[in-house]
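Take a look at the structures below.
What follows is a pair of complexes built around chain A, which joins chain B in one and chain C in the other.
Moving on, here comes the complex of A and B:
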C-alpha cells in the first residue's frame, strides 16, 4: 500500500483520539477518583481532597433507594431490549416483503428516533396526561400513568421503546437483507413452511446481529436521562428513577458529589461490560 | 409470484396505516400546538383542531423567546457539526488506511468511549470547564457535546472510507500530489455524501443536547431550546398547547433534514453500527 505509513495519517488519527481521551476517558477516570473522595462544594475544583476509601460505595450500597433504582435500571433496560428486539424484528420482517413504497415507509419510522429525547419526554408526558391525555381518552379510563408509582416505570419504558425501536428495527432490517437467499429456496423446495423457515434459517442467521443490537439497546437505554427527566423526574418516590438520573440528583441537587460519582461507577461498569460484549460480537462477525 | 403481486397494494395499505399510527404522537404534537387554550383541555379531545389557532405559536414567539432559544441551539449545533465532521473525516480516513496494533487499539478505544452516559460525565465536565474558565459559554457545551458525536462519527465513517478505492489514491500520489492533497482533492470529494450524513446526525444530536446545556450554562439567555422546553414541562401544571407549539417549532429543522436525507441516513446508520 502506497504511503500507508504516512505520518499525516498518524496525525489524523491522533487528533480525534486525543480529543476523546481528554473529554471522555479523563472525565470517566476523574469520576472514579471523586467516588473515592469526600468532595464538597468547597473543594470541588481543587485536587487536594481527603480520600475516604470505599466509604461512598458503602453508603450507596446501604441505601435502599439505590437498590430500588438499580433494579429499576435493570428492569428498564431489560424491558427495552426485549420489546425493541421483539417489535423491531416483527416490523423488520414485515418490511422485508416487497411492496410499493416499502423503503420509504420503513425509513419514515425513524422520524421518532430523530427527535430530541427531551422533546419525546415532553410529548409523552402530554400523551399520558391523566385528565386530558389522548391515551386515557383512547382507553376510556383515567389512568395515572406517571403519578402512580406502580405504573411510572412502565410508562417511561413505553415512551422509550417508541423512541428507540425504529433504530433497532433499521439495524435488524439491514441484517435481514444480508441473509443469502439460497437456503430459503432450498427449504421451499423441501416443503418447509414460513414458520419453519423463520425458525431454522432466519433466526440462526440473525443471531449475531440480534446480539449486537441487544448490546446497543442496552448501551443506549442505560444512557436514558432526558426522557425520564422530562416525564417524571424519576418519581414519584424514585419509582421511575434510573442510575444516571439518580447520580445527577445527588450531584447537582444535593451537592453530594462523592455519592453521585459512586453511583455513576456502577453504571459505568454495566455499560463497559456490555460494550465489551458488543465489540467482541462485532469482531467475531467480521472474522466469519 | 402472481399472488405476491396481488397482495402488494394491500401490504402498502397496511404499512401506511401502521406508520401513521406509529407516528401519531408527532401529529399530536403539531395539532396540540394549533389548539387554543379552551380546546386543548376539551374532553373528549378533538383529533382535528376544530378551530385551528396560531395563538399558542404567537405566545411562544412573543413571550417565551423561542427565537433566542433556537438561536442558542443553533449556536451549539452548527459548530459541533463542523468540528465533528472535520475530526471525524481525519480520524475515519486514518482508521480505514492504517493497519497496525495501534489502530486496533484506537478503534477499540473509540468503540468503548462512545458508551458512557453523558449525565454521568456532567460533573467532571463541569470541573474541567470551570478550570478552563469556560462555564457559561457556548464553547463548553460545544466541546462537551462533540465528545459524544465524534465517537459516533468515527464508527460510521471508518467503513465508508474503506470503500474508497486505494488505486485512486495511488494514482494521485504517483501524479505528484502529497498525502494531504490526495486526501483533500480525491478522497473528500468522493466521501461528500457520507460526510453530509454524519454531519446531519451530529447536528441532530447536538441540537437536542440537554444535559451539558443544563449543567454548563446557568445563564438563561444562553440556554438552548431543550432547556427552555424543560422549564415548561418540569412544573406540575403545563400549558400543553404552548409546550407543543414550542416543541413543534423546535423540531421542524430536524424533521426537514430527516425527510431530505432519509434514505442516506438509513444507509449510513446500517453501515456503521454493525460493522
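Moving on, here comes the complex of A and C:
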C-alpha cells in the first residue's frame, strides 16, 4: 500500500488545491486584473474592460492622501504589534500566577475580543467624546481625541489595542503553559531571581511563539476596517484612515473600482510578506 | 383543426395557470428601519390587494446599501427594486445600471412627472430619460431648544432669521459651565458634511461651480468661526448627522441643523420644548436655501421582475401612502399633496416651506468626485490647516475639470 500512487491520493491532493485556487488565487488575481483596468459600473460584470496599464497605480502613488494613509497603516500596525505583544505578555504572566478566580478573569477578558468590531468602535467613540466622554471626565481636560487630526490615529490605535490584546494574551498564555517547570526549579536553586528567571528562561522559551503572535497581529491589524469605520470613518482629513478603509471608500463611495483595487494590492502585498514570515516561523518552531 | 384545438387548450391552460399560480416574488431592498415607515404598510397592503406579485423586502443598513448594490450588479444577481439616496442615483444611471422607466411612466396613471417637485424628479433623470421615481423628500431646517432660549433671555417665538442673529443667539446660548454649545452641525469627511454645508454656500450666493468665489469662502468661514469661537464643538468634524441630533437631545447643543427624519426620535427622547425654524438667510442677500435629500425608487437593469417592481412603485405613489410617509418625517416629493392635520404641525409647516427652496445635489454622474473635495475643504478649514478660501480654491481646482466635461 505504502508508496503506491492510488488515484485517491490525487483526489485528496486536488481538493485543497482547487479550494486554494478558487477562494484565494482567483480573488487575488481578479483584484490585480481590476487594478490594471478602467472599471466602471457599466462594465463591472464583464472581464473585458479597457486596459490602462499602471495608470491606476500612478494615480494612487501621486495622491498625497494615499501616502498619508500608507504611513498611517504602517504606524497603526507597528504600534499595535508592540503594544499588544507587551501588554499581552504582561497580562499573560499575571494570569500564570495562581490566585482564586484566575481562569474566570482570564475568560472575562476574552469577552471583549468576542464583540463585533462595529460595537467596539461605537463604544470607544463614546468613551472618547470630548464633552461627555468618560476618558476626558477621568483626566479632567477636554481633549479632542477623535476630532484632532494629530490625535485621531493614536485614539483608534488605543481602541484597537484594547480590542485585540486579549487574543494575543491567550496565545501567549498557551505558550507559557508549555514551558516545563524543571528549569525554573533548577534556576531557583542556583539563586536566580524572578527577573533573571524571566530573562533567561521564559523569554527564550517564548521567542518563537511571540514571533508568531507578532505576525498574526500584523495580519489582523492590516485588515482593520470596521473599528475605524465606526470611530472616525478615517477622518478628520484621513488622519486616522488605513489602507482597507481607504480602498473601500474609493470602491464603494467614489465608484473608482480600479483605484480601490490598486490600493488593495498594496495592502495585499504587505500582508502576504508577513504571512510568509509567519509560515516560516511556524516551520522553524516545528523543527525546534 | 388540430392546431386550433391545441391553441384553445393552451389558452385555457395559460389562463388557469395564471389564475392558480403563486404570486411572482419581487425582491425589494430598502433602508427604512422604523416599522412605522410607509414602506411596511405599503408592502402589506400591496401584497394583500392583488395576487400577481409578492414583495419580498430586505432591510439593508443605509450606509451599506450602495456597496451591496454594487456587489449585486458585479455578480449579476440584482434585486428587482431598490431605494437609493438621491445624489448617488446619477452615478448608477449614467453607467447604464438602471432600467429605463420612461415608457412605463408615460403610460402610468399614478405617476405624473409634472406633480413632483423639480429637485427630486431631476435626481432620477439622465439625458432626458427617466431612471428613477422619487419616494420621499427631505431637507434641513434649524431645530432649537426653546427652554434654553428662555433661560438665556431670548424669545423662543423669535428664532434667528439671519446669519447675524444666528451668530449672536448661538453665542448667548453657549454655556461652557454646563457643557452647552450654541450651534451644532455635521462636518464629517463624508457626504453628510457636504449636505450640511451646502445650505450656507447657497445662502451666501455661492455655487458648486464657483467654489473659489468670495461668497463660497464666506459661507465656510461662518462654520470655521463657530468652531473657533467655541460656539460649536470641534467634534463636529467627527459627528454624523444623527450624532449631532444626539447632542441636541442630550441638552448639549442649543440649536442644530436637523432633517425631518429625526422627528420620531425627537418626540420620544427630547424631554424639553423643541421647535423648528427655517434656516436663517444671509444679511443683505436674503437667499432662502437648503439642501435636498430623499430616496428614489430604482429598478436595476437586469431585474427579474421589472413589471412587479413598477407596479409597486405606482402603488407607493398613491397620495394616501405618500402622505403616510410623514409619520416618520418623510416629506411627500409632490407639489399636489398637502397633508391635513399633520403630526408635528409646526415642524411640518417649516419643512414644507423649507422644501420649496431646497436644492438638489446634482444630478451628476460623478457627484461623489465633486463631494469629496468639498468635504476635504470643509475639514481643512475647520481644523485650521488652511484658510477657507485656500481650501475652497483647491477644491475648485479638482472640481472644475469634472464640471467642464459634464456640467451640473
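The rule is simple: the second predicted complex is superposed on the first by the 264 of 288 C-alpha atoms of A that agree within 3 Å, B and C clash if a C-alpha of one lies under 4 Å from a C-alpha of the other, contacts with A are read in each partner's own complex, and residues count from 1 in each chain.
In the analysis below, contacts are C-beta pairs under 8 Å (C-beta built on N, C-alpha and C of every residue); 3 or more make two chains touch, one makes a residue touch a chain.
Predicted model only: the values in this text are computed from it and were never measured.
Novice: After the alignment on chain A, I want to confirm one thing: do chain B and chain C clash, or do they fit together?
Specialist: Superposition check on chain A flags a clash between chain B and chain C.
Novice: Which of the two partners, first being chain B and second being chain C, lies in contact with A:244: first, second, both, or neither?
Specialist: First partner only, chain B.
Novice: With both structures superposed, pick whichever of chain B and chain C touches the larger number of chain A residues.
Specialist: B
Novice: Let me test your reading of the model: by the given contact rule, A:129 touches which partner, first (chain B), second (chain C), both or neither?
Specialist: Touch status of A:129: both partners.
Novice: Contact-wise, after the overlay, does A:90 reach chain B, chain C, both or neither (first, second, both, neither)?
Specialist: In the superposition, A:90 contacts neither chain B nor chain C.
Novice: Regarding the shared-chain residue A:149, is it in contact with chain B (first), chain C (second), both, or neither?
Specialist: The second partner, chain C, only.
Novice: Taking the superposition as given, does A:233 touch the first partner, chain B, the second, chain C, both, or neither?
Specialist: Both: A:233 reaches chain B and chain C.
Novice: Should A:255 be classified as contacting the first partner (chain B), the second (chain C), both, or neither?
Specialist: A:255 sits against chain C, while chain B stays out of touch.
Novice: Is A:20 contacted by the first partner chain B, the second partner chain C, both or neither?
Specialist: first
Novice: Answer with first, second, both or neither: which of chain B and chain C does A:44 touch in the superposed model?
Specialist: A:44: touches chain B and chain C.
Novice: Applying the touch criterion given at the start, work out whether A:275 contacts chain B, chain C, both or neither, answering first, second, both or neither.
Specialist: first
Novice: Pick the chain C stretch that clashes with chain B in the superposition, from 5-13, 41-49 or 59-67.
Specialist: Looking at 5-13, 41-49 or 59-67, the stretch of chain C that collides with chain B is 59-67.
Novice: Would you please give the residues of chain A that touch chain B in one complex and also touch chain C in the other complex?
Specialist: 44-45, 125, 129, 131-132, 233, 248, 251-252
Novice: List the residues on chain A that touch chain B in their complex, please.
Specialist: Chain A reaches chain B through residues 1-4, 6, 8-13, 15-17, 19-21, 23-28, 30-31, 34, 44-45, 94-95, 97-112, 114-119, 121-127, 129, 131-132, 134, 137, 162, 167, 170-171, 173-175, 209, 212-213, 216, 219, 222-223, 225-226, 229-230, 233, 244-245, 247-248, 251-252, 257, 260-261, 264, 267-268, 271-272, 274-276, 278-279, 282, 285-286.
Novice: For a test of understanding, state which residues of chain A touch chain C in their complex under the given definition.
Specialist: 40-42, 44-45, 125, 129-132, 144, 146-149, 152, 232-238, 248, 251-255
Novice: Please give the residue numbers of chain B that touch chain A in the complex, ascending.
Specialist: Contacts found on chain B: 4, 7-9, 11-12, 14-16, 18-19, 22-23, 25-26, 28-29, 32, 40-45, 87-88, 90-91, 93-95, 97-99, 102-103, 106, 108-113, 115-125, 127-128, 130-131, 143-144, 146-147, 150-151, 154, 166, 169-170, 173-174, 179-180, 183, 204, 207-208, 210-211, 215, 226, 229-230, 232-234, 238, 240, 243-244, 247, 250-251, 254-255, 258, 262-263, 265-266, 269-270, 273-275.
Novice: Write out the stretch or stretches of chain C touching chain A in their complex.
Specialist: Residue list for chain C touching chain A: 66-67, 70, 73-74, 76, 91-92, 95-97, 179, 181, 188-191, 233-238, 247, 250, 252, 368-369, 372, 376, 379-380, 382-383, 385.
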